[in-house]
Amino acid sequence: MQDTSGQNVNISIIGASGYTGAELLRLLLFHPFVNILSLTSRQYAGQKVSDVFPHLYGSKVSKLVFTEFNVDTVASMSDVVFVCLPHRAAFPVVRGLYEKKPELKIIDFSADFRFDSPEIYEKVYGVKHHAKELFAKVAYGLPEIFRDEIKNKTIVANPGCYPTSVILGLYPAKISGLIDENYPVIADSKSGVTGAGRKSSVSFTFCEVNETFKAYAVEGHRHAPEIAEKLSLKKVRFTPHLVPMNRGILSTIYFKTDAAKEELQAVYNQFYKNEKFVRLKSFPPETSHVAGTNFCDIYVTKDEETGLGVAISAIDNIGKGASGQAIQNMNILCGFPEDTGLNQYSLWI
Amino acid sequence: MQDTSGQNVNISIIGASGYTGAELLRLLLFHPFVNILSLTSRQYAGQKVSDVFPHLYGSKVSKLVFTEFNVDTVASMSDVVFVCLPHRAAFPVVRGLYEKKPELKIIDFSADFRFDSPEIYEKVYGVKHHAKELFAKVAYGLPEIFRDEIKNKTIVANPGCYPTSVILGLYPAKISGLIDENYPVIADSKSGVTGAGRKSSVSFTFCEVNETFKAYAVEGHRHAPEIAEKLSLKKVRFTPHLVPMNRGILSTIYFKTDAAKEELQAVYNQFYKNEKFVRLKSFPPETSHVAGTNFCDIYVTKDEETGLGVAISAIDNIGKGASGQAIQNMNILCGFPEDTGLNQYSLWI
Amino acid sequence: MQDTSGQNVNISIIGASGYTGAELLRLLLFHPFVNILSLTSRQYAGQKVSDVFPHLYGSKVSKLVFTEFNVDTVASMSDVVFVCLPHRAAFPVVRGLYEKKPELKIIDFSADFRFDSPEIYEKVYGVKHHAKELFAKVAYGLPEIFRDEIKNKTIVANPGCYPTSVILGLYPAKISGLIDENYPVIADSKSGVTGAGRKSSVSFTFCEVNETFKAYAVEGHRHAPEIAEKLSLKKVRFTPHLVPMNRGILSTIYFKTDAAKEELQAVYNQFYKNEKFVRLKSFPPETSHVAGTNFCDIYVTKDEETGLGVAISAIDNIGKGASGQAIQNMNILCGFPEDTGLNQYSLWI
Amino acid sequence: MQDTSGQNVNISIIGASGYTGAELLRLLLFHPFVNILSLTSRQYAGQKVSDVFPHLYGSKVSKLVFTEFNVDTVASMSDVVFVCLPHRAAFPVVRGLYEKKPELKIIDFSADFRFDSPEIYEKVYGVKHHAKELFAKVAYGLPEIFRDEIKNKTIVANPGCYPTSVILGLYPAKISGLIDENYPVIADSKSGVTGAGRKSSVSFTFCEVNETFKAYAVEGHRHAPEIAEKLSLKKVRFTPHLVPMNRGILSTIYFKTDAAKEELQAVYNQFYKNEKFVRLKSFPPETSHVAGTNFCDIYVTKDEETGLGVAISAIDNIGKGASGQAIQNMNILCGFPEDTGLNQYSLWI
């Protein structure tokens, strides 16, 4: 391994004690060009990484101690900051960091900067946004579609996990004009439980999730407008479901189309032909094939009886749906090869 | 408990060593009006129930021994026969039993008599049917919709598990003319693993199902034409998925409609108002609420943005989707109260 | 079903919104001699059973409303009270109820009255006991061993789930003098997650329990002295483990013995020969065989190389380990057949 | 990364389509000094890696095709061969390879060469051994204990998964003379389901393993004599159990000792102080902390009441318990740094 420590970028992670923080740490251990300097956590401040994440015991971050967030410290010591906070908590932190150090590269995991304008955000999330001036600096961090914009910005709004799976699954059909938009597009998505984050709640205790399956947010989920905006689609029906497993999202997407199966598959193959992290499959994917990775596996076909195109996409919700994609975005922002640190394959079983 | 043993019906179960057989046995232990006389199984012939199903040790069927199927024995000793065989294996057995004893009540779990005509069956299953003359004696065993027909027949084709969940979830909208059939109806269904039956196959070993989620039969599943026929719908898109849990089917069903949420809910409530086993819910159901029972829980709503009605139904695939419904059908055929032996509630956790 | 409503006993459940409360309700629906009148819950007061436990929708308790606990109301309306509260919270309630109505039958799920004397309790639980005078009224509710005492008391201390599995698994060897007590007895127990109760805690969220296995309370668990006392054993090593499943405890118990396998099995068979709820097996049990039931399945054998007897017992921790056993105790207290309401068999899969 | 392709070793994997083969492939993708040239599989011969293991699609082994085993081809093209065959099938292959090319480095996953002598093997496995002459060339591949022997041999018998967890958990106490051998040592082990291998069997289908827990091989398991021999212990009681999860073994080990907790911990810390893959913990480990890795996490304590030392060890049964350890052994045989390719941390959740 070449010695690059002199040129390494310095990393901080804000809100690092959740599942996306743990996954960032795990993945960044594979990354040759980073120094992880600072991890903040309100809940675990004062504790060592190896106490909060015993699986990382003995790694080079093992003895790092979680601290309270201090904007001056983080801004001054960092080249790149990952902000792993809930919506509403994120934008003040992003604004604070930006004001201290405008050239800082920031990857924000929250929804706070994902929309094209703060107005839509305020409507969807019911929150007053107080960092509206930053929207001009932000790119939506789905590299396969918005790579050029990401290169030209310093702040990246890391996409939602569901939107990542649905947008990647639909975009080639949309951009090629193959979707008959008189009919609603339907995304029926199923997620593992890490998607809910690391929090105590009776609803997410083992016994109340294990051995059961349900839909939720049936009257409307905040990821639906994110999907619709990025795909420029008016009518998107999105229904999320909870699967009793840790990781993974599988989205089954239906759209009316005149295109035949072969045309759909050709269009998808062409669109993603240079994309390392999108794998077009000749059979339907499953989530265990991508768990722990930055891959999005896609299968597309046509149901001739109903005239529906059916695209099925699988990601790891905290991989390509969160921390993996965040590192991919960092690599673009920093000029590293885009797959640096992201070359693992799934454990499968 | 009143002494009814004198009037009890005599029961045989053909192919009794699988999951539907085990569930029939478990449920029939609650049934006051039956004597279980004969269990057949090619694979386990000669073994006791308590060896094949150790959970039933000590019950009144504990010492019953599985035997090879013999048409004369079964016909002569039985009033009711449950035929738990795969498609193609079932119709010769049903025909043989019928020929020996035309008044025998037969509940067939296979697909062999589910369609209105043998021709469709032959097309869908690619099998030559050699008991076509029996179709006139057969009712499709979904009591909430076809109760009157069941009463007048002696043979019942027990519905498929997926069709049960989808038909019950759509029928009130269909029969009330609330579905705009210019748009395809989409049933996105998710099933636990018991739906695959009790068989050895690498694909269904623990490690290859656990912690993963996938769609299957994406190019077409045999339950789609069954759904379409019973609902008189031309365009139905049906996609089944496999959930890492034992029991349960949740179907998320989308249909274009002009009806508002309130109208949909009113129509469903009205249609099922006297049905003990259909529970209309004011929030989305989950499969653990119905596991081990004969209930079908349904929630219906409207997505105003896309004009889609969304119906979500939950059943236990081997309860209301198989053995529970079979007992419900037997109760109708025999003139017992329809819920006899079916009054359990789910374990939930 | 005979009409017994005139003689039915009136039931209240204190702390009814947890897992043991849900299981009591589910099981009592099978019980012909009870009226469930009152359910208390601090957290869910004002809500209907069908909202807190949607699986019970439509049952006869569906519309019952959880209330705050009021000692006068509960005492006056009840013949039997189940107290499902944590240790320390239970004894004031038991004392309050007793003072209002000394003839009340009380089944206490907590540890507060399980020991022979309050002194041991105070030492083990580190809590000052303020209802010491009641110990004389209390029986330890393990009917297979203490049935006669239960019959002569009005208050029953329902045993811990782990002690139930270990004591039933060891008692015949102990009482027959077959254990060489110079060697420590070791109980290595494994429990499903319902054993932790229904509470929000990051440690018991789905993702942190799923796909992992661990020992806990390795330096000492409060059930160890309960086991030792009831078995009159000085040296018991007890290690509990957490299994990623909802229900069930399997205890693997090792004891030094001179007895051969055949003698051990004969002694166990003899001891339990009239016990409906203990099933001696000819092969090792598994927890799915007893889930949802009041059974304890036991297999005992001898490892001749090491001179160790090995007893393996399986129960449902909220069945025979809690709510099932509580109903068994109620049946004894009330003079009902001991298995009333407890005749279900496991779902198995 | 330095260019080492010129010096890379050439690898073949015999019986590569099972779980240990998949894990070898996944891990070897991290290894900079290997070329994977040949994969054999009777069942999947003719199929590509990406069809049999879709999670590896796009990797450098993606297009490799499984072939039938041919001793000449494999011997001639390989520097190192991993033999992933069941016992009895392995020794003819090992012998054949050795005869063609005595300098070949062979790592055998089976039990065929694990014992010190073929006689014990024949007794334990009931199989006649026809490659007895090779025992002199074989080292038992537990590097933390037998590293020096491994360095001097060309054939390594990769240890059983259970023995790895038990031997590492006991060895420091044994070698330090801290075990009172008048008392039997007890290893109560719990394994995930990958331990059973990739095979179709009703017993290992999802539904019959999920949501249940059981002991098996209670009358005697073949890993017990392997444990006893390597630890030079006469009396070892070993009971394996099956946990409903994919990966991981946790062994809870009891031994009589006069040593206090501090002494035990000091001895363990000292013994493993230079071992990268053994992590002494200050709290009990769990299997998710080591899943996907080559780590063995150990916690040791003392139960003063019973005089028992309690050691708890956690490994991934197909990591340190199989494929990870095999690569560690290869690294030793080839003179690579021992952790080459093995520096991943667990996914945890």
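Order of writing sets the chain letters: A, B, C and D. Residues in each chain are counted from 1.
Quick note on the criterion: a contact is a pair of C-beta atoms (placed from the backbone, for glycine too) under 8 Å apart; a residue touches a chain by one contact, two chains touch by 3 or more.
Remember, it's a predicted structure, so these values are computed and weren't measured experimentally.
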Minimum number of chain-to-chain touching steps separating chain A from chain D: 1
Identify the chain pair with more contacting C-beta pairs: B-C or A-C. B-C
So, in whole Å, the Cα centroid of chain C is separated from that of chain D by 40
Can you compute the centre-to-centre distance for chain A and chain C, using the mean CA position of each chain? Integer Å is fine. 46
Distance from the mean Cα position of chain C to that of chain B, given in whole angstrom: 36
Contacts with two or more other chains occur in chain A at residues 19, 194, 207, 210-211, 244-247, 285-286, 288-289, 291, 349
Contacts from chain A onto chain D in the complex sit at residues 1-2, 19, 22, 26, 29-30, 53-59, 194, 211, 246-247, 276, 279, 281, 283, 285-286, 288-292, 295, 297, 343-349
What residues on chain A touch chain B, complex-wise? 183-184, 186, 188, 190, 192, 207-208, 210-216, 218-220, 235-237, 239, 241, 243-248, 250, 252, 254, 256, 284-289, 291, 299, 301, 303, 305-308, 310, 312, 314, 349
Using the touch rule from the top, collect the residues of chain D that touch chain B in their complex. 19, 193-194, 198-202, 204-207, 209-211, 244-246
